[in-house]
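Two complexes are shown next, each including chain A; its partner changes from chain B in the first to chain C in the second.
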Partner chain A sequence: MSKELTAFERSDGRWGLRNHVLILPLHSAFSATARKIADESNGAVAVSHDWSGEVDGDFDRIVKTISGFAANPNNFATIFITIGTPNELGIIELARKLGLSKAEVLNVAELGSMGKIAEIGLQMANSLLKEAKAVSRISAPWSAIKLGQECGGSDALSGITANPALGVASDRLVELGASSVLGETTEILGAEHLLAARAITPEIGARIVETVARYERSINYEGIDMRGAQPSRGNIEGGLTTLEEKSLGAAKKAGSAQFSGVFEFADQVTKPGLYFMDTPGHDTEQLTGYGAGGINIIVFTTGRGTPTGSAIVPTIKVATNTTMADAIPDLIDLNAGTIADGLKTLSDVGGELFDLILEVANGQLTKAEKGLHHEFSLSRMYNTIIR
Partner chain B sequence: MSMKGFDHGNRGIGIRNHQLILPSVVCSTRVSSRIAKEMDAITFAHQHGCGFIGNDVGRITDFFAALANHPNVSSTLVVGLGCETLQGNELAAKLLSKNKSTNYLVTQESGGVQGTVNSGVAAATELKAKYPTPQVVLPRLHLGIDLSDDNIKVDEIVSALTEVGVDITVAASHKNSGLNFSDLMEAGVHVILSFPDRNQPPSGFPLIPTINVASGSPLHTAISQDFDLSADSSPEEIMEKINSVVNGELTKVEAIGAGEIIAGREVRSV
Partner chain C sequence: MRKVLILNEKDNIAVCLVELAIGEVIGQDGLNLTIQSLIPRGHKVATTAIAKNEGIIKYGERMGHATTDIKVGEHVHTHNVLGDRLSTEQVV
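Then we have the complex of A and B:
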């Protein structure tokens, strides 16, 4: 029998698997101060980014990403650093609407200097951390788990070991009532018809196909054939031959459950079931988009190995092969290469991964969390040079 | 002006003596920051190097190469992950063709995070020992002016500086200081005089000291302490500040370690 799931219940009924105090700069110029506060605090986390208030074609996407990330249920509280422009204050409002109950605001124009921000921010962070510590985990339903699936640095074993093992764990979670999300539109290109056939309605199937077609149009519009850039050089060195082969392997992460719907980038994941979200394959943009959509735990399969993590969403790394898992052990949480080695079955490793997801959900730290890998990237659709 | 400089060989004579730990991909920014902290070197977070296509691959590679070849850089350690689009070894090879004081390493071949940090610190220490930097007199200063606020007139300060033999590049193509800083970096300026937009805070760039001059806007007035110079500074005061910064005084953003890079992109990420 599985162990019980415990989590932090938020005032709006959402569940957090972590209890972070996040320092979030609403302007790139405050990134250094946000990092400084987090570094000097008793355990707050911070992110850095390169947005400085531009209102261009990507404005809505950036606002959605930052506000959603701030409101992720894994955050006990978010401390915003702002110059106080209406657009920045709008992001804070939006985060509150999304369910962020503890939003603290450090307004630079009111406080007068970055030095003051750093000083007050540190006191504020430590006092919130103290409050956060006083909150306990309680027994939670399986629907508390919002799992994001990700792969990066794929190799020839991805589609045989780690991805299908994640599929086994995902199927089991979906059956129990959790949410599970497949993303990376880039990486299902060529496999979309197989996923569409698993949609609960023809309309949802058509949306999966259209999301991929729309993606390909947005790239072709730039005069580039995706098939010239994918699989990436790292994938080819890892033994993958074509984009379709990569996609067929990537889609294995989603197991065999039916798709209950399609999300746009960073849409809020509220209901149980298996979903597809339109995200870039770019690892940290996807991690960030998942966090913005309220996903509270991520499984990241990798063939080549990557240290990447999120400031607020625990990210479990699953190796596709034993050679890599042995060579870079401090960034791998589970080795699925044992399937290819003939030591374990797919169902064994799928079960181990399910158990690990539960342990991590209950508070066990991932390698990326221990290493303080807090990457954050804003996904953009448009040219950023002409502003 | 009498100006202290650091002879950085093919990179030129700089006004700072920074070792650069250059993450060639977002995935190695954390490892780079750990190495940089041990070495008291400069690094920065960014989101580039992978998941991108078309002209952006060459554009970002050139941007990183220009950063590493900047005259304020003493030596460069490129830190890659291994499987990314922008290959660290190719970037390093490109840099090495111009500057010997360059090395690179890759996390996937260095035993993981701790292994890369250890090898990185060793490699960076070796670079420092192997390529010492003689202190010299800076023969000619190259100043960059970020004119994000187009209401500001700089003719007076430009002519005063030109008169004393300072080369000047003005970047005014963008209303965004970050993008102007990138253009100025690629032009190889030693120091930046920034006039941010009236509704923007002061900001900085890694490697290049940035002197922020306030406008009289309500925001700038409210945070006047964060500016190096006030809106009513005379050309003499501006020149005096430039002189002190060139000779080692830290600017306000330099002192707090601020400095994000904003590298333009043509194509959506993939």
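Then we have the complex of A and C:
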């Protein structure tokens, strides 16, 4: 029998696997101040972004991303830095609706100076960190785990070692009652028929196929030559030839469980089971979207050693090959390359990864957390038209 | 140790677990092929002759098609394979 899962229970019944105090700028101009507060504090985290209040085709997507990220259950509290515009205050309101119980606001219009923001922000952060320390983990059900699956810097071993090992761990978690999410629409193109066949209803299967078709139509409409980006130059050097090949390997992350539904980008993941989320293939946009959807732990398989992590969601790096795992040990949490070396079986490494997910869920820091890889990217569908 | 990995019995390629040099002979798992060009680790080698326009099968599934005839033991990659999907590829 596995060890017990412990987590932080939030007032609305959600579970956090971390207890972060997040400093979140609601305008790009406060990014540096947010980082300064976090750096000087006793352990708060911050993110930066490039949104400056534009209201364009991506407005709803950006509002959804920022408010969802603020409300992630891994946050004990979120401190917003805002100019005080109705749109920015609307994001705070939305985060509260999504379940953020502790929201603090540093309003530049009211405080009048950046110096004051930094000073009051630091006091606020340290006081919240003290409160957060007083909260203990308690025994949690498996449904507390909302796992996000990601692959970045794929090579030809991804689909043979790390991805299927994640599939083994994901299947076990889903069976126990956790949520597990496959994303990256670009990277299931060519494999969607296989995933659709595993949907619990024909309607869900059709939605998986339609999500990919919608993406394909948009690419064709834009006249983008996907071959420049997918497979990427790194993928091709690693031995991947076509997008379909990459997708067949990427889909191995989702194991063999049935798909219980399809989410739009950054939708809230509330129920147990395996799901597909329409996310971009770009690593940091995808990680950010997962965080905005309430995903509280991520497994990231990599062939080339992508350092990307998240400020608030622990990200476990699984190497697809031993050469890379040995070359950058400070980035890799688990080496699945042992499968290709003939040293371990898929079920061995899948079991090790399951155990590691539990350890990390219970508080063990990942390499990406230790290395402070706090990347954050907003995903956009359109060009910014209002400047 | 195995030099190549066959992922599915329907496949017409195998994945190289080590770099393979020209002239190297692979005799494992009932294969009998002589490597025709240097193949880096992680890349694919043809385990049967593949005709132009024929599908490339990996994991038992189609991942694209040959743009030229491919000999047994040849490196299978972007120089002789294209994906089936996306209009930009079909134009070529």
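The definition used in the following text is that the second predicted complex is superposed on the first by the 380 of 387 C-alpha atoms of A that agree within 3 Å, B and C clash if a C-alpha of one lies under 4 Å from a C-alpha of the other, contacts with A are read in each partner's own complex, and residues count from 1 in each chain.
Quick note on the criterion: a contact is a pair of C-beta atoms (placed from the backbone, for glycine too) under 8 Å apart; a residue touches a chain by one contact, two chains touch by 3 or more.
Given the structure is predicted, the values throughout are model-derived calculations rather than measurements.
Peer 1: Could you check whether chain B and chain C clash or fit when both are placed on chain A?
Peer 2: Pair status: fit.
Peer 1: If you stack the two complexes on chain A, which partner ends up touching A:346: first (chain B), second (chain C), both, or neither?
Peer 2: The answer is neither, since A:346 touches no partner chain.
Peer 1: With the two structures laid over each other on chain A, which partner does A:105 touch: chain B (first), chain C (second), both, or neither?
Peer 2: neither
Peer 1: Quick one: name whichever of chain B and chain C touches more residues of chain A.
Peer 2: B
Peer 1: Output check: A:113 vs chain B and chain C. Expected answer is one of first, second, both, neither. What do you get?
Peer 2: Touch status of A:113: first partner only.
Peer 1: Which partner does A:373 reach: the first (chain B), the second (chain C), both, or neither?
Peer 2: first
Peer 1: Of the two partner chains, chain B (first) and chain C (second), which one does A:219 touch, if any: first, second, both, or neither?
Peer 2: both
Peer 1: Scan A:238 for contacts with chain B and chain C and give back first, second, both or neither.
Peer 2: both
Peer 1: With both complexes superposed on chain A, which partner does A:194 reach: first (chain B), second (chain C), both or neither?
Peer 2: second
Peer 1: Pick one for A:89: touches chain B only (first), chain C only (second), both, or neither.
Peer 2: Touch status of A:89: no partner.
Peer 1: Taking the superposition as given, tell me the minimum C-alpha spacing from chain B to chain C, whole angstrom.
Peer 2: Least C-alpha distance: 12 Å.
Peer 1: Which parts of chain A are in contact with chain B and also with chain C?
Peer 2: Residues 219, 223-224, 226, 238, which sit in both footprints.
Peer 1: Which residues of chain C touch chain A in their complex?
Peer 2: Counting only chain C, the residues touching chain A are 1-2, 5, 7, 15-17, 40-44, 56, 58-59, 61-64, 76-78, 81-89.
Peer 1: Residues of chain A touching chain B in their complex?
Peer 2: Per the touch definition, chain A meets chain B at residues 27-33, 36, 48-50, 52-54, 83, 85, 108-110, 112-115, 118, 153, 186, 218-219, 222-224, 226, 229-230, 232-235, 237-238, 280-285, 304-308, 324, 327-331, 371-385, 387.
Peer 1: Which residues of chain A touch chain C once you look at their complex with the stated criterion?
Peer 2: 155-157, 159-160, 189-191, 194, 216, 219-220, 223-227, 236, 238-239, 241-245, 248-249, 303, 321, 323, 340-342
Peer 1: So in the complex, which bits of chain B are touching chain A?
Peer 2: Listed in rising order, the residues are 26-31, 45-47, 50-54, 81-85, 87, 107-108, 111-115, 174-179, 199-204, 218-219, 222-223, 225-226, 256-262, 264-270.
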